[in-house]
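Heads up, the next two complexes both have chain A, just with different partners, chain B and then chain C.
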Partner chain A sequence: MSAVAAKPAAGGAMNPTAMGVGIVILLILVGACYYIAPFDSRMMVLSVLIGIILGGVLIGFGVHFVPVGGAPAAMGQAPGIATGVAMLAAGGGLAGLFGGAWAAEQGTVVAVVTGGIGGGLMMAITCMMVNFIYVFGMGIPAASGKVKNDPITGDSQAEFKSQGTEGHGLPFISFVGGVIGGLLAGAGGTLIYLMLLDLYKATLPTMMQATETQILPIAISMAGMFAVGMFLVNSVLTAYNITGTIEGPHDPKFKRWPRSVVASAVASALCGVVAILIVVM
Partner chain B sequence: MTVKVEVVEGGVPHTTIMAAGLIVSLICLYLSYLNVITGKEWFSFFGGLAVVAALIWGSHTIKVLCSYGIGTGVPSAGMISFGSGVIAMLLATKFGLAAPIVALVLAAVIGLILGYLSNEVLNMKIPAMVQSLTELAVVGAFTLMGFAVMIGGGFTFATLTTGSITILGLSLPSYQASFLGGCLIAVAFLLGAIAIQHPFNACLGPGWTQDRMLMLTAECGFLSMIMAAVMSFALVPAGAALISLIIGIIGWAYSYTKYFELSKRDAAAWLDAKPIPDVEGH
Partner chain C sequence: MEHIVFGIGITALTGALATVAGAAEDTESNIGSQGDPNSQVQLAPQMGFLHRIFNKAVAGEPPAYGLWCCLGAGLAWALMAMQINAVLAIVLGCILAVFVQGVYATTAYLGRTASLKKFGQPVFVDVLKSMTTVTMAHAFVAIFCTVTLCYLMNAALGHPFPLPLLGLVWGISLGAAGSAVGNPYYGKERQYQNQKFGAGVPISASGNIVRYAEAGERNSLDNGFFTAKLGGPASGVCFGLIVFLELWRTILFEHIAAGWGAIIVGILMILIFTIIDRYIEVWARKTYGPYTKPEEASS
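Now for the complex of A and B:
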């Protein structure tokens, strides 16, 4: 087989053994965290870890909705936004995280919703401007190559699709997918940040023998850095799951999400345990 | 099945670069401990040298990994490197003098598990994946630790979180004037993440040569070092920051001229342009 004809290996197949091993690692990490934590704060630490895992899963699942076009989309040969998964997830999700961080003082629910809206808004603006550039700048209509009719509007796609391409532009379903993806990823990133912030606010003052006000910059900075780190880990793992381009929720590659959910849960648990160890050890 | 598109032809083997990068950055990180021994902060620039060494190793690892068409773009490798590295590095700083060693072990464990997840659970099946993600996590941790040393003067948790501000001649402890409290770590994070992924992203293709890419990495590393040196004026004494700045500028000027020469050499030698392999982006 020549190097040019070879395709990346990752197919849609699941690997049940590896997923089982992944879930076992997850349970071991959660158990280890429970036993390492001091007796009186076990439930709090455990709830923080579960929040982090939930946030990571939201990121991993949400990124699948985002229409990623990569280099082919930049040439108008595939639908989606013309950049990689990791960059898009970072753009949409971190915008959500910053939005949520502003609302952190108003309670978990408000902050998570704000983070979700921040991410969704960022993706909506991105998707709209991408379509502006496609339609008015490059002169190409939006057409999906993966489905005959748009699942939401029912518009037929084949007439608008150019020969030799996989579709182009950003069809309505991809736009909606992008917004949903931004919502989930932004909410997930914010959830991780809030969980860590609460933990650090509660534990750092005794650890460093200082008041909560003095410690606040460090708590915010550490929670933010850990949230950004976990966000990037989760989004890159999801990018590896998608391997390149995806059109949105109607793409056949979307069915790979269970793999990503397991991987994100294990990766978040691992990073979460490390982030918790810094204060409970 | 995955086929490797570009093979390392000639040049230094990857294991040599890995060993050299690991040892040099570890030694540089420990040399910066002279700050504590002497009580002065003049040795902070060793952090910057550790950054450059780790980045050179990391960009070659990215080359090894991304030569298999992973389909997600080269920047994603830099992002996961620092995403996992920052987590390991922050916990490792709690261990005092052992911090660089702990960072190495912890980052390797995190990278190993992430590599297993991507290869088995996500079904990537890329032979170099596990080793590369392990190396990249270590590189990320070392780079951030190097920046922490350079900007804040040390790699322990106390140095990272506690600074001092001078008001009317009185020196008061402050948590905001520190590497972590002032969130300078966020800037260091992206300085490193861009410096690690850019060289291979810029040099890849049929005309790739190892020495040119590594020289570009050194150039990016020294450029980041200049930025970090400017930021370090806020936290370490001006003399120490000035030493870092001068070393950064000299290193950058040298590596930039060398890179320019190498680019000219390779441009003139590029006689047979091969077709671009189309494996990326599927």
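Now for the complex of A and C:
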């Protein structure tokens, strides 16, 4: 058995105790933030923190869908996109954040959906071009190494794997996974940005004794930087959960997502507490 | 109406800049051997295959280009705040960012190659002198185009993000698009040119990269010359499409149905790319056929 095909030893196991501890830490962080915040802004702080946690969970869950092959994919030795998990997810999600931030004035729902579509579009173009280069540049058809038949199209996979490899390119299920991953990651990043932007727009004028128009560039910059930072925190955290490569939603590693969702929630809560308390304390 | 026409013109210009940026980024990363295929450049001496390929995996391409584009955009922004002309400010900012790239490239090559001393891999000073400047030149094109398109998004199209943040966002996206599309072509098609065409590299062949050219030993300029024919332009088309379509759907359709117009157009575009992808996949299966007969295929 090759190193690529080797089954993870303890990596895929769920640890209920650790997940329970994670949830307790999450509740402590939410409670602490609520308690520390001034009395008249507690509800706003709570809703912002919950929005940040939800955004982080969307990113963490979404990254699991993205088919990432890393170095083996660059040699046509494994299916997926030939780059790192965190990097690809960040590329797609930040493209979504760009669109979502632009649509911020049109309301939270429209902006979050716009961010999601932006991320999904980036991933759709990238995945299509990946298959283009494999097929027309290298003469290699797409084949999965993890399933006998594509779960969506039913296409058989085994006979399209070249000798000595675990598959190559992006089978249709991996393409769809990439688009879903981009959608969720883009929406999550945009949600974090919007929550922080609302908070900073409400608190910075009093804090800096300036009008809302004057503080707007600072609010946008701070919210954008924190959103990008939290995006990277969640995507890197999920990359550790995936450990290397993943083909998409049909990959056995995809079942590890509950662990990552709890970890993303805790990490987002911690980052969110910092981002909130710098303006409300 | 004039506003929309102006927006479409800027969108076309940013799309063209993004296409050039993507092509330059991929060629730079291939000459410098920065992406995932660099694992083979690092592995080859350990398997007994000494080579003259540049070796500068500073980081993955997305964070590396996020840093360099953010640095170029940040410096340009600071210079513009000092009332320096925007064109001059962007050029100066990008030149300074490229010097940082050059420092990283030099230290990465020396550090990574020195770590292979126990396997007998020498540090070639002529490789360092001839390749570093070429990667810097390509990096300048990529960073300049990206920072310029970020400036256009901010100043002409009115995106709320400040220039350095746009540089970070689009630098990371540039690296993601360039590495996703360009890496397989450099890794499989160029480094393993001695393997069968139309099949992945067998895992047992890892590290046995092609080290000789038509005359003498192969160097990274040869690799850049090869990948600039397809991998580079394909990466450029990928990044160009991402930037152009993202802006195009927003500029033209965001005012329809309170923002839902741009969303619906985005969904339609995703569906179109899904159909194209499926067509490519089916075309490859029918045209190239399976490697083994279905009944012989092992699970």
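Operating definition for what follows: the second predicted complex is superposed on the first by the 271 of 281 C-alpha atoms of A that agree within 3 Å, B and C clash if a C-alpha of one lies under 4 Å from a C-alpha of the other, contacts with A are read in each partner's own complex, and residues count from 1 in each chain.
Throughout what follows, a residue touches a chain if its C-beta (ideal position, glycine included) is under 8 Å from a C-beta of that chain, and two chains touch if they have at least 3 such contacts.
Nothing here was measured: the structure is a model prediction, and the numbers come from that model.
**Q** After the chain A overlay, clash or fit between chain B and chain C?
**A** They clash.
**Q** In the overlay, answer first, second, both or neither for which of chain B and chain C A:119 touches.
**A** neither
**Q** Applying the touch criterion given at the start, work out whether A:67 contacts chain B, chain C, both or neither, answering first, second, both or neither.
**A** Neither partner.
**Q** Of the two partner chains, chain B (first) and chain C (second), which one does A:181 touch, if any: first, second, both, or neither?
**A** neither
**Q** Touching A:243, do we find chain B (first), chain C (second), both, or neither?
**A** Once the two structures are laid over each other on A, A:243 reaches chain B alone.
**Q** Pick one for A:100: touches chain B only (first), chain C only (second), both, or neither.
**A** Neither partner.
**Q** If we overlay the two complexes on their shared chain A, which of chain B and chain C does A:110 touch? Say first, second, both or neither.
**A** After superposing on A, A:110 lies in contact with chain C but is clear of chain B.
**Q** Does chain B (first) or chain C (second) touch A:224, or do both, or does neither?
**A** Both partners, chain B and chain C.
**Q** More chain A residues touched by chain B or by chain C?
**A** Of chain B and chain C, more residues of chain A lie in contact with C.
**Q** Scan A:128 for contacts with chain B and chain C and give back first, second, both or neither.
**A** Second partner only, chain C.
**Q** If you stack the two complexes on chain A, which partner ends up touching A:55: first (chain B), second (chain C), both, or neither?
**A** A:55: touches no partner chain.
**Q** Considering 4-12, 40-48 or 202-210, which region of chain B has C-alpha atoms that clash with chain C after the structures are aligned on chain A?
**A** With the two structures superposed, the offending stretch of chain B is 202-210.
**Q** Where on chain A do the contacts from chain B and from chain C line up?
**A** Comparing the two interfaces on chain A, one with chain B and one with chain C, the shared residues are 2-4, 70-72, 83-84, 87, 90, 217, 220-221, 224-225, 228.
**Q** Show me the residue ranges of chain A that touch chain B in the complex, using the header's touch definition.
**A** For this pair, the touching residues of chain A are 1-4, 6-11, 13-15, 17-19, 21-22, 25, 70-72, 83-87, 90, 208, 210, 214-215, 217-218, 220-222, 224-226, 228-233, 235-237, 239-245, 259-260, 262-263, 266-267, 270-271, 274-275, 277-278, 281.
**Q** Would you mind writing out the residues of chain A in touch with chain C in their complex?
**A** For this pair, the touching residues of chain A are 2-4, 70-77, 81-84, 87-88, 90-92, 94-95, 97-99, 101-104, 106-107, 110-111, 113-114, 117-118, 120-122, 124-142, 148, 153, 155-156, 158-172, 175-176, 179, 217, 220-221, 224-225, 228.
**Q** Can you check the complex and tell me which residues of chain B touch chain A?
**A** Contacts found on chain B: 1-5, 68-73, 75-77, 79-80, 82-88, 90-91, 94, 106, 110, 113-114, 116-118, 120-126, 161, 175-176, 178, 180-183, 185-186, 189, 275, 277-282.
**Q** Any idea which chain C residues touch chain A in the complex?
**A** 35-37, 39-40, 60-63, 159-162, 165-166, 168-170, 172-173, 175-177, 179-189, 191-192, 196-206, 230-231, 234-235, 237-238, 241-242, 245-246, 249-250, 254, 258-260, 262-263, 266-267, 269-270, 273-274, 276-278, 280-281, 283-285, 288, 290-294, 296-299
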